[in-house]
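Below is one structure, written out as structure tokens; the observations come after it.
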Amino acid sequence: MNEKPEKLIDKKGIRLDGRKADELRPVKLEVGVLANADGSAYIEHGKNKILAGVFGPREMHPKHLSLPDRMVIRCRYHMAPFSVQERKSPAPSRREVELSKVIRESLEPSVFLELYPRTGIDVFIEVLQADGGTRCASITAASLAIADAGIPMRDLVVACAAGKIDDTVVLDLFDAEDKLGAADVPLAIMPNLNAVTLLQMDGILTPEEFETAVNMATEGCKKIYALQKEALKTKYMITKEEAEEE
Amino acid sequence: MKVMPTFFEKKQLVTPGELLAEGDYMAGENTYLEEKKVYAARVGLADVDNKKVNVVALRAFYIPKMGDIVIGTITEVGFNGWSVDIKAPYTALLRASDVLSRPFKPQNDELSQVLNAGDLIVAKIASYDRAHDPQLTVGEPGLGKITRGQLMRVTPTKIPRVIGRKGSMISMIKQETSCQIILGLNGVILVTGKTPEDEELAMTAIRKIEEESHTSGLTDRITQLLKEEKTKREENKVE
Amino acid sequence: MSSLVTRVRFKQIEQMIEKGKRLDGRGLADYREIKVEQGLIERAEGSARVLLGKTEVLVGIKVETGTPFPDTPNEGVQTVNAELVPLASASFEPGPPDENSIELARIVDRGIRESKAIDTGKLCIEPGKKVFVVFVDVYVLNHDGNLIDASAIAAVSALMNTKMPNYEIEDGEVKIKTGYTPLPMKNHPITVTIGKIGSNLIVDPWLEEEQVMDSRISMAINDDGNICAMQKGGSGYFTPQQVLEASKLVQEKAAELRKKLGW
């Protein structure tokens, strides 16, 4: 159908979507978008459109899934059938199951689990449209949703990927670059505590390239982190300003 | 000894993970200490009180405390008591022996006749700890089944503001609207008035308090709001 | 956390409805505010989002090629699926579709199918061998009552937003060319759901009312004002008079909605 492009990044260092090697796709964040969830957030990262909803802390059903001394996090990463080029069956795929796990593990270190034993929080991620880097965008949104639910956290978790296309290490790969490129390194971090909570890689990189990729991804994360804080403050700031005007 | 600074302005809006202070400070509400640094743990307004850094959370859920008055809904009738939803991470339990004024006989007493799923109660937290679900009691005056009124919910952290200093805010609202108002510390509020309009008025006032809880001069503004609304209603009636 | 309607609230809703009013200020025959947005998912061939009060439903349409059913060798295929995703309500659990999501999908499907909304005759590529398959995926994003009407309207709106890729047959293979054509449609059904509380009929029940009502009836009305699909739900009942009363009410509301949506 589509012909494979000759180069993913041209001589002038411009990528297929017009970006430079170290440029992030545009990111838009909104907090508190779902009326029924205890906490929620919506992210548009490039063409990715992802909703995250959080319920809890609440008692777990079945009870035997809960732990006596801490809270349990359950996470479901799920893609809508119309989110990808070829319609995807709504049943969970092996990829979705793996992503649900790594996303959960990226969020766990950020929450004070010991505070509420015998309870659980459910994190539901729905990808409405996908264009590469959905696990990173999902983590960014899910972390905001957890904060929106009023659950005590050590820090927000923010995620971004770096990788290699042709021979260049680049930031934030979109779908075509991910599929046709040489490597993809998604990374999630709690910026104030300097703690990496998700790190994966597929492809081939030299140790130097890997270091460049990690630094690049971390820098990308910091930029998105600023947007996360903005989104949280925007939701809670409006009423404060209105009141002060009186 | 050098006094280390705090990194925020009074009542600044902070997000989880933000560094609030370094050095000789203590971690207060909704904050935590890591290697001599105090960080925010929830979204809220930061403040420091005598070396203790606090964050007044703008969004939090209720955690039971002994002695708290709460309003809950019966969700299940069990063998020797009821499960109660008190809008907290834990389901509360109300024992039959607490409600019945005589010894409980499982064969003879039909618990659903006393309280059934869907009933509302005002109760007190009798006990709670990390290993056990909260236990409720209705064995005091003013507690028990609710049969009328309208329920509303506010973030639990705002309840003290609805009460006001020495109860000044809530007394004023009760007076101006002629409503009975029970404030559950779990964020559930019961408003019982002579007419639905009176109840609506009280609820509007409380909602406004929730939105503007961190501002000053609130009591006066709410008093004014209530007086204005009542005047409007009088004028509409006359027409 | 339980979304149980308390006994006190139950009574309040019943009493208000006896007086002809509802707790959100609506009359018994009033719809909540409805907003429709199309084309928000570019990856899908068509999409639409409906906000009915606080109920939010997103529908995405994917058009692919496939084999026709043996009894309709020259017609395209329509298939509707509904997901009650857990973030839409504390009462939705993750997992395979339960009876509620299957019923929802089949009601939406029936309205579209029976009214012949999609002109399936025009979706044939190679008779008996290859046709277009239209996947309608209903995604409930927030449940605040009346998922049926919100989903049905979102589905038809998404179909109206759908563009199919142009193609040509080369050596028996389907080759996609540039350009798009709108999905051929013959009708635009509107579904109206009526709930029953006591002996009163209410239009567009909201979440708490759904817990108080004993039954509901949904009807799909096509462009000519004829009924093309119907479903009674809930464990209560309607008298024959109530059914006819509901039918008249549905006709009225469908005409109103049709005008409002501009269909």
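All chains are identified by letter, namely A, B and C, in their written order; residue positions are counted from 1 within each chain.
Please note the rule applied: contacts are C-beta pairs under 8 Å (C-beta built on N, C-alpha and C of every residue); 3 or more make two chains touch, one makes a residue touch a chain.
Source: prediction; values computed, not measured.
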| item | value |
| --- | --- |
| Chain whose Cα centroid lies at the greatest distance from that of chain C | B |
| Central chain (distance from its CA mean to the mean of all protein CA atoms) | A |
| Centre-of-Cα separation between chain C and chain B, whole angstrom | 40 |
| Gap in Å, rounded to a whole number, between the CA centres of chain C and chain A | 32 |
| Residues of chain A whose C-beta touches two or more other chains | 58 |
| Residues of chain C whose C-beta touches two or more other chains | 1 |
| Partner chain A, residues of chain C touching it in the complex | 1, 40-44, 47, 54, 58, 60-62, 64, 81, 83, 85-90, 94, 96-97, 135, 137, 139, 141-144, 176 |
| In the complex with chain C, residue positions of chain A that touch it | 1, 34-37, 40, 47, 49, 51-53, 55, 58, 76, 78, 80-87, 90-91, 122, 124, 126, 128-131 |
| Chain B residues touching chain C - in the complex, by the definition given at the top | 73, 75, 85, 87, 116-120, 146-151 |
| Chain A partner contacts - residues on chain B that touch it in the complex | 13, 15-19, 30, 32, 34, 39, 41-43, 57-61, 63, 89-91, 130-131, 155, 211-212, 214-215, 221 |
| List of chain A residues in touch with chain B within their complex | 38-39, 56-59, 68, 110, 112, 116-119, 147-150, 152-156, 190-193, 228-229, 232-233, 236-237, 239-240, 242-244, 246 |
